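Per-chain numbering from 1; labels A, B, C and D assigned in written order.
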Amino acid sequence: MSNSELQTVLELDQIIGGYGDTQILHGVSMRVDPGEIVVIIGPNGAGKSTAMKAVFGLLNLSGGKVRLNGEDITNMPPDQVVHHGVCYVPQTSNIFPSLTVEENLEMGAFVRTDDFRPRLQELYDIFPPLAEKRRQAAGTLSGGQRQMVAMAKAMMLEPQILLLDEPTAGLSPKYRGEIFAIVKTVNATGTPILMVEQNAKQALKIANRGYVLVDGKNKFEGSGHDLLEDAEVAEMFLGGGAPP
Amino acid sequence: MDQFYGIFLYIISLLTMGGIYAILALGLNIQWGFTGLFNAGIAGFFAIGAYVSAILTTAPSLRHLGGYELPYVVSFAAAMVVSGIIAWAVGKVCLKLRADYLAIATIGIAEIFRLILKNETWATNGPRGVSMIPKPFETLPEPWNHLCFLGLILAVIVVIYLLLETARNSPWGRVMTAIRENEKSAMAAGKDIEKFRMEAFVAGCMLMALAGAFIAHYLKFIGPNATDPLTSTFLVWVMLVVGGSANNRGAILGAFLMWTIWSASEILTSRLPDELAIRTAYIRIFLIGLALQIFLQRFPKGIFPEVRPKPERRQSVSDGVTDNATSR
Amino acid sequence: MMEFINFYLIPGLVLGSIYALGAIGITLTFSILRFANFAHGETMLLGVYITYSLVQFSGVHPLIALPFGALLTVIVVLGIDRAFYKPFRNSPTIMVVIASFGMMLMVRSMVQFIWGVQLKGMTQGIQRPMIFFDSLRISPKHITIIGAAIVLMLAVHYLLSRTKIGKAMRAMSDSPELAKLTGIDTEKVVRMTWIVGGALATAAGVFLAIDTHIDTNMGFKMLLPMFAAAILGGIGRPFGAVAGGLVIGIVEEISSYPWIGVEPLLNPGYKAGVAFAIMIGMLLWRPSGLFKGKVF
Amino acid sequence: MSYMGKFLLAVSAVALAASTANAAEVKVGSVAGVTGPIAELVDPIIAARNLAAQHVNDQGGLLSGDTLKMVLSDSACDPKAGVDAGGKVVNVEQVVAVVGASCSGATNGMVQSVTIPAGVVALSDSATAPSISELKDNDLVFRVAPSDAYQGAALAKLAYDSGVRKLAMTYSNDDYNAGIAGVFEKEFAAMGGTITANQAHEPNKASYRSELSTLSNGGPEGIAIFAYYGSSGIAIIRNSLENGLFDRFFAADGMFDTSVIEQIGADNLRDRISITQSASDYADSSYQAFEKIFSATGKDPKAPYAAHGYDASFLIALAIEKAGSADRSKIAAALRDVASAPGEVVRPGEWKKAKELIAAGKDINYEGASGNVDFDGNGDVGGIYSVNVVGDDGKWALSLIK
């Protein structure tokens, strides 16, 4: 199915781990290829977010490997991972509420040593509402706009890959659509995206590929379209019945 | 011979003061060790106990409220009750706060108590304090007077220890531990956390007042300077941390050990030339602070680590980043 | 009326500026490192004594010695952080609170050991106030103190709102976790916090010393009013801390004004309790402070 | 950090010294508030106590040439520490008698729970609380520091005699100053003066302008200050002068220190301040003898209670010599004996003379640097007070209050 192993941006290879003594991931494997949107879905407690945190060095892996462009980044501390070009947008508290929009984006560029102004302008072009509210404290924005700030902040680094943890959680259906549109826009600039989502149906629609995790293990994988079509997946996660 | 008898008397006094501190440390242990309440105002409750018992037992005096000449049993009980009531009021307003805030609030409250003791001269004789406080067993011949007083304190410690151990192993104690470890899950389990914390706070403050009552009778004098934060709050914290918080034996051992070091180290430094002896008085304080740091870093569990009432494995909470990790 | 301004309001303002500078450090440490630093008063004490020694050594005006005193103090404070606070970065914050409790004693006793306990003066003699409009009396040193405090506050404002590291400090105060995920060098931010806090504490102490004198208990005496100011203003709000400092300073002074009759409203013996009472009241009524700070 | 070096050297020296215990050593406890709120005042007092011991040792020693050793212990101005410190010197060090403690509170605790039960004489050089006189002490508690009652009265008289009729007053809320202030208030009113306002203040505040402003209402001609110079006294004078609130000050001896002149400036204080000191007749040859020898050590002989510290140690030494042995039980009687008439007068520094007189079986009467030190029935001394004003040379100039 994949065109070439060499091109893989991010690869999780049989990772095992959890918090303290509680093991959550029992051998999860996945990969993200250049330009892809990859979605992780699954029931509550399946280890979706945990798998993502594993990439970011937020939990200790007792087995398996995480590779970025072929380089081993297993158990690398988060700040190092950022330096390697992986940006992560957590599900909650993903912006600095008392900082202005522009300051949030500036913080996103903290590790950059070059001039980030051009990049800032590019992102304002992608997210016009943010340009409008650049001087406003980010905490005063609406939920959808906050997600925009969070993503734009992560994009400031021009990352190799963007990790999104449930970007639509807690948003109204209207905003959800907006966010998925933004995800596509970001992806269109060439940044591959790995995303955990609850709203599986909508997410799979925009995804190149998807993984279904159950109990900390891979259950299904396939292209977004295939998974949407798959009767079993549909029954389990997509609110019953195959799509029309 | 005199020398040995003198050292014998000194050891009695070490044990007496150590015992009084042990009561303080046990009180703090209920609050901090078992329940996780950061009380930095120990001196305040200690002072309340000391003054209440002093005023209730002294002969009439023009200098302060008094002349009740009540028996010790009554005055000690009153000291604890008054402190308990005040602790309840303080707890009512402060216990909702997170540990750091509670620390600041209690330290402030203790300072306010101190100001009251200094300014309400009609009741406390202000900064000049209450003198000629009777002391239990003082009419007995030496050394029996000292020994009996010490015996009383040690007996009280044993009683407190047994009570606390019973409580710790009871369902009440397990709830306390659960609250300290994970407030949210304890709350989820339907426990009225505020009530439990209040009970622990009040019980701890009552013990501190008991220790205060003992000190007033032991010194036969009580003044605002006897309740300064250094030796009445801070030293108790060091004792508990060194001995092992959440362990009652640790609290007791820490108190005796640290008081002995605090007191006996001066016997050595007093042999220095005076200019140096004066300065080394500060080195002692420095070293006590350093001891605390060393224990915090190297032996955070103290000499006697906590022994869980029932070994139930609890998922340890990893660092804050992963707080919402287990959801979804 | 002029009596009220000259002897209650202006002293309150001077004292309030001093509290405010100290409270900025407390509020930054509390919000960025997430712990109540009980040793902050002693940082101030150390700063004053170091500056005092520099003044004695070189004979320059205290305000000229202040930057150098602050620098040396900051070095010590960074060393303290490295040795005594850093090991607890990933532990429950209460461990650091206890450590700072211990540090309070260690620093004070060291100051007493090195410099002794004799009272010292930063400046000698008295300064008669300048009189404006026939009745407004302000002493030149008070103008200096208030002026220097304003300059320092503006500098803090510039740092926090215009510089990258300052913005990172605010970011970390918003969310240390996200700061880490964003790749912000949190250790660098922590260092900057100590630098700002240590320098301002030194300045506050030196101003206090210029206004009065130096003694080894001044740190603890200032600690609680400074905490009160930080909480009153809202934790993590440096400008709240400034406002809180001014409020506490002024209320402390005017509490003993004879509002009713000729007797002071509050027995001045209780003056020191005013700050605590305000603080406790604030914790109850509105723990987030006047300016919607953080509550942990 | 040369102190550290000295410290380590001294520690090793102690270790050596401890192993070769000197049999011919007579120990006297020296309990003082080394740390704590009045630490700054205690330093010269300890120096004076030790100077007395040094004179004894330099001029023939005690009894059959034994060394007098002052064993220092810290009472921290805290009754808890006072009892602990007293216990250590009395029980562990087995001292013959105790000089101290410094603060009234610490002294009160120490004598009641340690020295009186142990039958040891305690002679305080700076505790002034009247309540100490009332203790049932089996004649074991003495003071060379006069009870507050005396100084409060002396200062009231001084103020009244200077022509002042209306005074404001403020006192630092600590055991020492509150006591004197209370007596002053009564005495000044009894003479016919008016106290326009009387306020306690909390020490160690940055500013006292608001208190002083309130106190200045009601037309007082001056202010009486009862405070330690360090913790609030200097700040009060400075705030008063800077703002023109008061320019006439009466103060008790907690305010007496050269740093007051250093900090405020002699010209600012000249003709404005009068401080009583429970010291000494500075014209008296006893005081002058002390002044000469104490100045030589580089300390200020006029520091509060320094002269008393010297007298306390010297008196204990005399009492031991008089008793003929280092026997605790004989000290009290001997102390009364050597302190008062009849007898040949002995002054500070005259140990050799005193020793010879005692050896010859003659009575002696020690006339101290701080006064005649004649103990009354309670073991207290009457107060002799000097008044201190700023002299033309910019230093304290003193005269005795008659």
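Definition applied: a residue touches a chain if its C-beta (ideal position, glycine included) is under 8 Å from a C-beta of that chain, and two chains touch if they have at least 3 such contacts.
Just so it is clear, the structure is predicted and the values come from calculations on it, not from any experiment.
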{"item": "Intersection of the contact lists for subunit B and subunit D", "value": "C"}
{"item": "C-D or A-C, whichever has more C-beta pairs in contact", "value": "C-D"}
{"item": "Maximum centroid distance from subunit D, chain identifier (CA atoms)", "value": "A"}
{"item": "Rounded Å distance, subunit C centre to subunit D centre (Cα mean)", "value": "37"}
{"item": "Between subunit A and subunit C, centroid-to-centroid distance (C-alpha), Å", "value": "43"}
{"item": "Gap in Å, rounded to a whole number, between the CA centres of subunit D and subunit A", "value": "77"}
{"item": "Separation of mean Cα positions, subunit B and subunit A [Å, integer]", "value": "52"}
{"item": "Per-residue overlap in subunit B, given as positions that touch at least 2 other chains", "value": "115, 118-119, 279-280, 282-283, 285, 321"}
{"item": "Multi-partner residues of subunit A (each touching 2 or more other chains)", "value": "78"}
{"item": "Contacts with 2+ other chains: residues of subunit D", "value": "3, 35, 37, 43, 173, 200, 202"}
{"item": "Touch list for subunit B against partner subunit C, complex", "value": "36, 38, 40, 93-94, 97-101, 103-105, 107-109, 111-112, 115, 118-119, 229-230, 234, 237-238, 241, 279-280, 282-283, 285-286, 288-290, 292-293, 296-297, 300, 319-321, 323"}
{"item": "Touching residues on subunit D, where the partner in the complex is subunit B", "value": "3, 6-7, 10-11, 14, 17-18, 34-37, 43, 46-47, 50, 70-74, 76-85, 87-88, 90-94, 103-106, 108-109, 112-113, 117-118, 129, 131-132, 134-135, 173-175, 178-179, 200, 202"}
{"item": "Complex contact set, residues of subunit C against subunit B", "value": "30, 35-36, 38, 84, 87-88, 90, 93-95, 97-99, 101-106, 108-110, 112-113, 116, 176-177, 180-181, 220, 224, 227-228, 231, 267, 269-270, 272-273, 275-277, 279-280, 283-284, 287, 295-296"}
{"item": "Subunit C residues touching subunit D - in the complex, by the definition given at the top", "value": "3, 6-8, 10-12, 14-15, 18, 112-114, 116-119, 121, 124-129, 137, 139, 208, 211-213, 215, 217-218, 221, 253-254, 256-258, 262, 264, 267-272"}
{"item": "List of subunit B residues in touch with subunit D within their complex", "value": "2-3, 6-7, 9-10, 13, 17, 63, 115, 118-119, 121, 126-129, 131-132, 135, 138, 142, 145, 215, 218-223, 225-226, 228, 231, 263, 266-268, 270-274, 276-283, 285"}
